[in-house]
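Chain IDs A, B and C follow the sequence of writing; residue 1 opens each chain.
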Amino acid sequence: MTQRGIYMDWNATAPLRPTALAAMSAALQEVGNASSVHAFGRRARAWVDHAREAVADLVGARAALVTFVSGGTEANNLALNSRGSRPLVVSAIEHESVLKPARLAGAQIARVGRSGEIDVAHLAYLLDKVSKPAFVSVMLANNETGVVQPVAEIARIARAKGALVHCDASQAAGRIPVSIEALGVDYLALSAHKLGGPQGAGALVLADDLPVEPLVQGGGQERNRRGGTENVAAIAGFGAAARDISALGEVERVAALRNLLEEKLTQFGLPLTVFGRNASRLPNTSCFASGTKTAETLVMALDLAGIAISAGSACSSGKVRPSHVISAMGFDAATAGSAVRVSLGWQNEPADIDSFIAAWGRVQRAGPARSDAAETRISAA
Amino acid sequence: MNVATQNTRTVPDHGVNAPKLPIYLDYQATTPCDPRVVEAMLPFFTEHFGNPHSRNHKYGWDAEAAVEKARAQVASIIKADEKEIIFTSGATESNNLAIKGVAHFYKDRKNHVITTVTEHKCVLDSCRHLELEGFEVTYLPVQQNGLIDLEVLRNAITPKTAIVSIMAVNNEIGVIQPLAEIGKLCREKGVFFHTDAAQAVGKIPLDVDAMNIDLLSISGHKIYGPKGIGALYVRRKPRVRLEALIHGGGQERGFRSGTLPTPLCVGLGEACAIAEREMDAEAARLRKLSERLYNGITARLPEVFLNGDAEHRIPGNLNLSFAHVEGEGLMMGIKDLCVSSGSACTSASLEPSYVLRALGVEIEMAHTSLRLGIGRFTTEEEVDYAIEHLVQAVQRLREMSPLWEMAQQGIDIKSIQWAEH
Amino acid sequence: MYSEKVVDHYENPRNVGGFGKEEAGVGTGLVGAPACGDVMKLQIKVGADGRIEDARFKTFGCGSAIASSSLATEWVKGKTLDEAETIKNTEIAQFLSLPPVKIHCSVLAEDAIKAAIADYRAKSGASDKAAE
């Protein structure tokens, strides 16, 4: 059903690592509910505990403080649900799984600079504005621009004002070193499938024995923080991927590919905006706008050429609208509307960059009529 | 410890020789993933790995098509429309979403929820949570056979009742509640009917329209699918509205945000398709095995009691009390048989099952109970082995039991002043 | 889950059985409750020299309860009543490596020993009096 195309959309989902697949295949052949006391149940429990240690190691946490959930979205929701009566302060470029519940809770929203970094002074101002100690939620790396946020600085300021801090590290983990202690945050969200584990698993990690107010109740699993039979195979895959990452030195190679891409784009001669270029970024992500074509046209045309990239974040379920991240950085609608994201991973090769540039060039030279047709198709979808 | 090197065969062969040990008899706790399900899932871990919500390239579309096919397979087994199926992380989440979601959405007009005392922990915990928020919850008692009394339900419904949540099949004792009658009553009274069908799907015929079910929870790993996936059926006509538990990208029509795990969705779909196709034959086979197991035990051991209604039950479950033998001690004596005493979620807590207590099973008898769960991969050889093993262990422990001795001497245990500790 | 010693005593329990309650020199302790999931019956037979020459038990309960009572019958044999009375539940728990949730089994075994001794003393005290 699928051709072997060129996949450059790793921030949407990363292909499963072979070690994760191996762990999952083995775990899937097992039967056993991790809560059962018999031999089968204890073996399922061993898989879960083994993975818990790996995930804890990945972010320098204690295994007992890792709660497995169904994914990054649930991990973020669970963290925010645990804020008690604290007022919420979040940034404007958070993932929807933070922004949506934050808006429902009437959160204060911190501005973002043109560099793609959260405006720390504004966030500090908001912390003073709310009357009580707050609950702050900031992401470690943005999914669209890859910009790494000054989380440690934010956490230091926020904690001094009595706040609890949650960090959505879904996109960062596995791509840059993440330490819950060095960041100085209280809660940390992880997603398995962004780091080469399977879809359907994630974790909320605590820095200490902090309150967790469950979203899903029943059965008392995960130390009463999350009810429901543990997703043993996915958790095993998550653990294997987490272990793999701490062992692989793939980051420099991927960064070199990303830099090569941006260099070739510059040589192209069209006006080029690389978002967040002056900030510290994830080594695998490049988000840019160039030329007059809309993001949708570009993404469609590249797909026809067998290259998968993305416009904005993958979660906007069909709705085509300018990225809230690029807009929050202060760019106009036209620039935001033509921004595309290329995100790479360990399977990409230098030849992929060449193919991308060649296809990119063909699209840019094509007439405007075709782009209109492509846009019609997208909005009908 | 390297868990990956532990390589014990877990799905028994359909061989004719002595069965492989240990024997898995805990099919209500979880089921092995059917190899056909695993096979259907594998390509979606590797070549078709896309995010089903990526709308802009083939990887995403392939994943989306697979998810939608699975959705139709899930809908089919309960005779629903695929647009009425929401994927979740499992039946626990489905139950939380159904009960809290409906209660929260209609809270301005209604503040009352009805459930039963024998529900799964996650239903009871959701209801307790609602009580803390100020909702009123009625916990219906059950009769001695484990079934609810419809008149008691009728009298419990008030104009303020938002939802009735009653499980289809009980996880501990396997009894089937009168779903069609409950649905009819709820529809008459204009109250939503949710049923936790985690233990029922693929085991008994379910038809959401014929039974007037408005919300129905499904689990993947109880029906030979993978863990970490489940579904919630939410009726569209008349429309049931819910407040989401998990907010974010707006997937699953806004009812449940989060990237859908494509391989797990595919696995659940395939598990439903297989179950739908094979249910009748499987039920007949399991009924025979379960009769063989029950008769084999009771022919050789006196004072063994079946908990829950003898007629209205799924064939794969036998919950038995072995008088005068303590359940945990018995489990240790049959360590080649993987069974459960009480529900899997609570069996580490050493308290006797609240479900058995609700049936009026006396606490001392509840301590002597085991749940034997058989399923798709259970063989006749395994059943025979289990009978032999159980009978021997019970006989040995009864010889060691002071209560058995007293019973043989005609001493009524209740006449003794026990110092409860 | 269970220590080797618990498994050994569960699989090969020592001194299962009983003596006639009214037999001379026999003391019987019955402790626990069916509703709590464990009942122990422990009996001692005291010789002319005042030492416990034999012991028997029957237990309704989990593996740890069975092991605790089996061990208790081994330990009391050969001891005087005063010596047997000094057996502590902590010693039983430690010897069997019982996990915290099973400590109550060792408590019950200690109670059973004490109850059997008390029963013996009550009976022999009564018979001593009768002999006077």
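As a convention for this text, contacts are C-beta pairs under 8 Å (C-beta built on N, C-alpha and C of every residue); 3 or more make two chains touch, one makes a residue touch a chain.
Keep in mind the model is a prediction, meaning the values are calculated, not measured.
The two chains most heavily joined by C-beta contacts are A-B. Farthest from chain B, judged by the mean position of CA atoms in each chain, is C.
Spacing of chain B relative to chain C, judged by their CA centroids, is 42 angstrom.
Between chain A and chain C the centroid-to-centroid distance comes to 62 Å (mean Cα coordinates, whole Å).
With centres set at the average Cα position, the gap from chain A to chain B is 34 Å. Contact with two or more other chains is made by residues 37 of chain A. Of all residues in chain B, those touching chain C in their complex are 324-326, 328-329, 332-333, 350, 352, 362-364, 367, 399-405, 413, 416, 418-421.
Those residues of chain A lying in contact with chain B across their complex are 1-5, 7, 9, 12-13, 15-16, 21-26, 28-33, 35-41, 43-44, 46-47, 50, 69-74, 76-77, 95-98, 100-101, 104, 191, 193, 198-201, 215-221, 227-236, 296, 299-300, 302-303, 306-311, 313-318, 378, 381. The touching residues of chain B, when paired with chain A in their complex, are 1, 3-4, 6-8, 10-11, 22, 24, 26, 29-33, 38, 41-42, 45-51, 53-60, 62, 88-93, 95-96, 120-126, 128-129, 219, 221, 226-229, 245-251, 257-264, 331, 335, 338-340, 344-348.
Residues 2, 10, 13, 16, 18, 30-41, 58-63, 65-66, 101, 104, 107-108 of chain C are the ones that touch chain B when the two sit in their complex.
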